[in-house]
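The following blocks contain the structures, represented as C-alpha cells.
Each of the next two complexes has subunit A plus one more chain, namely subunit B in the first and subunit C in the second.
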Partner chain A sequence: MIISQLGYYSLIFGLLTSIFIFFNSSVQIKRNDTVISSKTTGLIGFQFFFVFISFISLIYSFIISDFSNETVYSNSHTTKPLFYKITGTWGNHEGSLLLWLLVLTGVLLGFIFKSRNEPSNYRRLTILFHQIIIIGFFVFVLKTSNPFNEIFPVQTEGLGLNPILQDPALGIHPPILYLGYVGTSIIFSAALASMISNYVNKSWAKNIKFWILFSWIFLTGGILLGSIWAYYELGWGGFWFWDPVENVSLMPWLSLTALLHCIVTLEKRELFKKWTIVLCIITFALSMVGTFLVRSGILNSVHTFANDPSRGIYILTFLLVLVLLSFVIFTIYEKKNFIQKSEIFPLSKETAVLINNWFILYFLSVVLIGTIYPIFLDVIMDEQISVGPPFYNKLILPFLIPFVLFMSIGPSMRWIKTNFKIGLKNFLIIFFTLIFSFITIYFIGKKNVFLLLLFVGFFYLLLKSLDQLRQRTKNFAQILSHSGFSLLLISILLNSFSSNETIKNIQVGESFVLKNEKIIFKKIAVEKEKNYESIIGFFEVLDEKNKIINLRPEIRIYNEPEMATSEASIKTTLFKDRFITINMIKDQNFFNVRYQQKPFMIWIWISTLIIMLGGLFAIFKKNKEFNI
Partner chain B sequence: MYSKKVKFRFLFIFVFLTLIVLTTFSVLKVLKDNVVYFKSPSEINLSTEISSKKIRVGGMVKKDSVIMNNNKINFIITDFKNELYVTFSGTVPNLFEEEKGVVAEGFLNDKKFLVADKILAKHDENYMPPEVKKSLGE
Partner chain C sequence: MRMFMKLKRLLKIKILIIFILTYFSFNNTAISSSFYEEQTINITKNLRCLICQGQTIHESNSDFAESMKKYIKGELENGKTNDEVFSSLTKKYGQWIVYDPGISRNTLLLWSLPLLLFLIGGVIIAKKIFRKI
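Our next item is the complex of A and B:
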C-alpha cells in the first residue's frame, strides 16, 4: 500500500521534473548558452529515476498481490505463478503505459550520453521537444490511466490476468516492442531539433543513425515475438493475419526501414535532407497512430484492454498537436536547411535508395489504407466491413518482384556513378536462380507463372546476396539483412503454398488421414495445475515411414478468470512443423481437432533473426563505417 | 521551344502522375472486391437479393441448436428477431458456446442458410464483437 503510494508520488515528481527541465532548457536556448550544464543532465537522470521507481513499485505491488491497487486487483491473482505476476505488470493498459514512459525517459537519457560531441544547441532543442512528448504522456498516465488508483474496501482476491497473456513469449514481447516503438520518439525530437539548429547534415546523420538502428532492431524483435506467440497460442497455425493490430506495428517498421536507407545517403552524400526529416516525423506519427488505434477501443484485439473513449481522444489530440507542431517547424525552416547541391545520376546508389523508398512507401500506403479504410467507413457511412488478406496479397505480391530485383542490384551500385560490367558470374547467378526456381515449382506441384516469377525474384536476391557476402565487402551488415529478407520471403512462400491441414470433429479412439500421415486420437487425461485445469489429448501421428510421433495438445481451463485456451502441440523439424490443436464445445461429445503440416516454419523465425542480426552488426561495427 | 532537359522533366512528371492515378484506381478496385461486409440475420432477411460475396454475420448462438458430426458443425445464429442456419467445417474458437456471441464468415446459400469457412476467435470472456453488441442493441 505504501509502495503503491510511493509509485504514485514518484510519478508526480517525474512530471514536475519534466516541467522544470522544459522551462530550464527554453531559458538556456534563449540565452544561447554554449554548454549543457551538468544540472540538466542530472535532471534528466532524475526524471528517468522517478519513472523507474514508479515502475518498480508497480512490479512490487504485483508480486505481493497488493489488491488495494486497482491495476493489481483487475489484472492479477494470488494463484498466478510469480513470472506471470511480474509480466502482468505490463499486461494491462495502465502498466504498459508506465513502461512506455520508462522507455520514453530512458531513450532521452541514452541520447544525452551518446551525443556528447554534438552542438549544444541541437542537443538542447532535442531535450526540449522530447520533454513535450514526455509531459504529454505523464499527463496522459496521471489523468486517464493512473496505475496506482486505490480501491476501497481492499479486496482479498484479484480478477486475474487474461489466460492467453500468460505465456513466456508474451511476457517479453511488450518490453522489446516498446524499445523499438517508443524509441522512434527520440528520432522525432532530434529531427525537429536538427532542423531548427540548422544541423541537417552528415554529422547529424551519423548521430541519429544509432537510434534508427536501435528502434529498428527492437521493433523487428518485438514483431517476431508477437508473431511466434500468435502462431502457437492462438491456435490458428499462422504467423501473420493482416490484422489491424499487426499492421500498426508493421507500418512504423516499414517507414523505419525506408529511413534507415535514407539516413546513410544523407551521411554519405548530403542528399534527401527534406525527405529524411519527413520520414522521421512520419515514423513517430505512425507509432502514435498505432497507440491510438489499439488503445481507443476502435480495433478489437488482445491489446485493447478496458475501453475508455477519453483515452483515445487524448492520444488523438496529442498526436494532432505534435504533427501540427512539426508541420509548422518544417514550413518555417524548410528554406534555410534544404538547399540541394549535388545532382543524382540515374545509375547510382542514390537512385537505388530512392527506388527502395518509393516501393516501401507504396507498401506502407497499402497497409495504411487497409487498416484505416474500415474505420472511416464505420464512422462516416455506419457500415461495418473488414479487409482480408486477399487485398494485401493482390496489391503487395506483384510489386515484390521488381522490389527484390532492385534490392539485388542496389548494393553493388556505387555512390555518385556506377559503371556496370556484365560478366560471366552474372549469367551463372541467373542460371542457378532459374534452376532453383523451376525445381521448387516442380516440388510444390503448382504450375503458375506468377508463382514462378516470385520464386525467380526471391532466389535471385538470395544468390546475389550470398555472392556479395562471399566477397567480404565492407557492407556485411546490410548484405546479411538482405539475405535474411530473401530467405524470409522464400520461406513464407513455400510455407503458404505447401501447407496442408484438416479439421475433424472426432471422439477418443477415432482417427483420420492427412496426405501420407495417419492421426490417431489415443486417449484423454485431465491434470490439475495451480491456476488451471488441463485436458490433454494424446495423439499419435504415423508418418510416411510409419514412424510414431507423439503430440499432446491441451485445453486449459483457467479458474481466474474462468476461461478456456487451447495449447497447440508442435513438433518442429528442420523442414516441417506438425501442428495440432483441440477444441471443445460445451455439452458435445466431439473434440474439434485441427491438424496441420507446415513446411519451413522454423525458417521464417530464423530468417527474421538474421535480418535483426544484420542490424546488430551495423550497430556494433564501431570503427568501420556502416554502408548500404 | 523547350529545351531537351525541360521536355524530359515534363515527360517524367506525366509518367509519374499517370502511374499514381493508375495505382490509386487499382488499389481502390482491389479494395472494393475484397472487403467483407458485416450483416445481422435481420439485415439479411430484409435484403432483396442474396449477395454472392463473402459476408460476416454476427449474433448469438441459439440455445440447443449446435449439432456436430465428424466433418461439420451446424448451428443457428439469432439476433432474437430473425435466425440464420449456419453450417461450418473448421476450427471452433474456445469461446464458442450456446447463448454466446459469435461472428461467422462465409457465403450465403439463401436468406436462411450460410456456409461458413471461419468462426472468429475472441480474446476474452467478456468480449462481444462491437458489431454484435450494436446489432443486438438495435
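Our next item is the complex of A and C:
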C-alpha cells in the first residue's frame, strides 16, 4: 500500500524534474552556455531514478500481491509463480507504459554519458527535445494509465494473468523489444538537435550510430522472442502471420535497417544528410504509430490489453505534434544547413546504399499500407477487409529476388567509384549457386520456376557473403548479418514449402501416419500444478528408421482466470521440428490431435541470432572502422 | 527483319516457359482423400476465424472453426472448386473472412500504392545517380 503510494509520488517527482530540466535547458540554450553543467546531468540521473523507483515499487506490489493496487488486482493472483508475478508487471497496459518511460529516461542518461565529447549545443538541444517526449509520456501515464490506482474495498484475490502470457520467452519479450522500440526516441531527438546545431556530419554519424545499432539489435531480439513464443505457445506452429501487431514491430526495424546503411554513408562520405534525418524521424514516428495502434485497441489481438479511446486519441495527438514539430524544424534548417556537394557515380557503394534504401522503403510501405489501409477503409467506406499473408507474399516475394542480388554485390562495391572485374571466381559462385538451388528444388519436390529463382537469389547472397569472409579487408559484422539474412530467407522458404501437417480426431490407443512417420497415442495422464491442472497426452512417433520419439503435449486448465490452453510438445533436431498439440472435443472421448513436421525450424532462430550478432560485432569493434 | 528474328526468339522462349510450367503443374493428377484434406488446409489457412482474435480457421479449434473445416471439406468432396468455395463464403460472411484482399474497387489503392511508391523512389534515385555533371 505504502510502496504503491511511493511509486505514484515518485512518478510525480519525475514529471516535475522533467519540466524543470526542460526550462533549465531552454534558458541555457538562450544564454549559449559552453558546457553542460553537472547539475543538468545530475537532474537527468534523478529523472531516471524516480521512474526506476516507481517501476521497482510496481514490481514489489506484484510480488507481494498488493491487491489494493488496481493494476496488480486486475493482472495478478497469489497462486502465480514468482517469475510470472514479476513479468506480469509489464504484461498489462499500465505497467508496460511505465516500462516505456523507464527506457525513455534510461536512453537519455545513456546518451549523456556516451556523448561527452560532442558539442554542448547539440547535446543540450537533444536533452531539450527528449524532455518533450518524456513529459508527453509522463502526462500520458499519469492521466490515462496510472499503474498505481487504488481500489476500495481491498480485494483478497486478484483476477490473474492471461495464461498464454505466462511463459518465459514472453516474460522477457517486452523489455527487450522496448529497448529497441523506445531506443529510437533518442535517435529522433538527436536528429532534430543535430539539424538545428548544424552538426549533421561525420562525427555526428559516429555518435548516433551507436544508438541506431543499439535499437536495431534489441528490436531484432524482441521480434525474435515474440516469434519463438508465437511458435510454441499459440499452438499452430507458425512464427509469423503478418498480424498488425507483428507488423508494427517490423516497420521500425525496416526503417532502422535502412538508416543503419545511410548513417555509414554519412560517416564515410558526408552524403544523404537530409535523407538520414528524415529516416531518423520516420523511425521514431513508426514506433509511436505502433504504440498508438496497439494501445488504442483499434487492432484486435492478444496485445490489446484494454479498449480505451482516450488513450488512443492522446497518443495520436502527441504523435502529430511531434511530427509537425520535426517538419517545421526540417523545413527551416534544411536550406540553411544542408548543402549538397558531391555527385554520385553509378558504380559505387553510394549507389548500392541508395538501392538498399529504395527496396527497404518499398517493403516498409507494403507493410505500412497493408496494416493501416483496412482501418481507413473501415472508417471511410464502412467496409471490412482482411489483409493477410497472401497480400504480403504477393507484393514482397517478387521484389526479394532483385533485392538479394543487389545485396550480394553491394558490399564488394567501393566508395566513390568501383571498377568491376569479372573473374573466374564469380563464375564459380554462380555455378555453385545454381547447383545448390536445383538440388534444393529437387528435394522439396515442388517444381516451380519462381521458387527456383528465389532460391537462386538467396543462395547467391549466401555464397557471396561467405566468399567475402575470406577477404581479410572486408567487414566481419556486415558479412555476419548478410549471411544470417540469406540463411534466414532460405530457412523460411524451405520451412514453408516442405512442412507437413495433419489434424486427426482420435482416442487413446489409436494411431495415424504422416509421411513415413507413425504417431501412436499411448495414454493420458492428469497432473496438478500450483495454478493449473494439466492433462498430458503421451505420444510415440516412429520415424522412417523406426526410432521412437516421445512427445508430451498438454492441455492446461488454469484456475485464475479460468481458461484452457494447449501446450505444444516440440522435438527439435537440426533438420526438422516435430510439433504436436492436443485439444479436447466437447462431450466426447476423442482428442483433436494436430501433428506437424517442420523442417529447418531451428535455423530460422539461429540465422536471426546471426543477424543480431553482426550488430553486436559492429558495436564492440572499437578500434577498427565499421563499414557496410 | 532483325526485329522479327528477335520476336521469334522471344516467342520460342515463351513457348518453352509455358511448356515447362504446364509440365510441372499437371504432374500429379491422382485425387485421394488426403488431397481433399490438403485442399481444406490450404483454404482454411486463408480464412479468418470470425469468433477468434486474429486467428485463421485452420489454426483455431473453436466450434465455429471446426464446423467450417467440415463444411469446406464436404463442399470440396461434392466437386466444388476452391474458387467456388471462397466466393460462396464471401457472399455469406463478407470480404472480412478472407485473408487475401483480392483486387476490387475498394482495394485498388491498397495494391497499387506501394508499387507506385516504388516507381517514384526509382525515378528519384535514377535522377540522383545519372545526373549530368
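As a convention for this text, the second predicted complex is superposed on the first by the 626 of 628 C-alpha atoms of A that agree within 3 Å, B and C clash if a C-alpha of one lies under 4 Å from a C-alpha of the other, contacts with A are read in each partner's own complex, and residues count from 1 in each chain.
Heads up, the rule we're going with is that a contact is a pair of C-beta atoms (placed from the backbone, for glycine too) under 8 Å apart; a residue touches a chain by one contact, two chains touch by 3 or more.
If you're wondering where the values come from, they're calculated on a predicted model, not measured in any experiment.
Q: Following superposition onto subunit A, is the placement of subunit B relative to subunit C best described as a clash or a fit?
A: These partners clash in the superposed model.
Q: What is the contact status of A:L234 with respect to subunit B (first) and subunit C (second): first, second, both, or neither?
A: Touch status of A:L234: both partners.
Q: Taking the superposition on A as described, I'd like to know which of subunit B and subunit C A:N516 touches: first, second, both or neither.
A: Neither partner.
Q: In the overlaid three-chain picture, which partner chain does A:Y373 touch, first (subunit B) or second (subunit C), both, or neither?
A: both
Q: Which of the two partners, first being subunit B and second being subunit C, lies in contact with A:N550: first, second, both, or neither?
A: In the superposition, A:N550 contacts neither subunit B nor subunit C.
Q: For A:S37, decide between first (touching subunit B), second (touching subunit C), both and neither.
A: A:S37 sits against neither subunit B nor subunit C.
Q: Taking the superposition as given, does A:T572 touch the first partner, subunit B, the second, subunit C, both, or neither?
A: It touches nothing on subunit B or subunit C.
Q: Taking the superposition as given, does A:I385 touch the first partner, subunit B, the second, subunit C, both, or neither?
A: Both: A:I385 reaches subunit B and subunit C.
Q: Quick one: is A:S310 in contact with subunit B, with subunit C, with both, or with neither? Answer first, second, both or neither.
A: neither
Q: Who does A:A564 touch here: subunit B (first), subunit C (second), both, or neither?
A: first
Q: For subunit A, which residues belong to both interfaces, subunit B and subunit C?
A: 234-236, 300-302, 362, 365-366, 369-370, 373, 383-388, 390-391, 395, 503, 566, 583, 586, 592.
Q: Note which residues of subunit B are touching subunit A in the complex, please.
A: Counting only subunit B, the residues touching subunit A are 23, 26-27, 30-31, 33-38, 56, 66, 68-73, 89-98, 121, 123-125, 127, 129-131, 134.
Q: Considering the complex alone, what residue numbers of subunit A touch subunit C?
A: Residue list for subunit A touching subunit C: 234-236, 238, 241, 243-244, 299-302, 343-346, 351, 354-355, 358, 361-362, 365-366, 369-370, 373, 377, 381, 383-391, 395, 399, 447-449, 501-503, 566, 583, 586, 592.
Q: Spell out the residues on subunit C that touch subunit A in their complex, using ranges where they run on.
A: These residues of subunit C touch subunit A: 17, 20-21, 24, 27, 37, 41, 46, 48, 53-56, 58-59, 61, 63, 66, 69, 94-101, 106-107, 109-111, 113-115, 117-118, 121-122, 125, 128-131, 133.
Q: If you look only at subunit A, which of its residues touch subunit B in the complex?
A: Counting only subunit A, the residues touching subunit B are 162, 164, 234-236, 300-302, 362, 365-366, 369-370, 373-374, 383-388, 390-391, 394-395, 503-506, 510, 555, 561-566, 581, 583-590, 592, 594.
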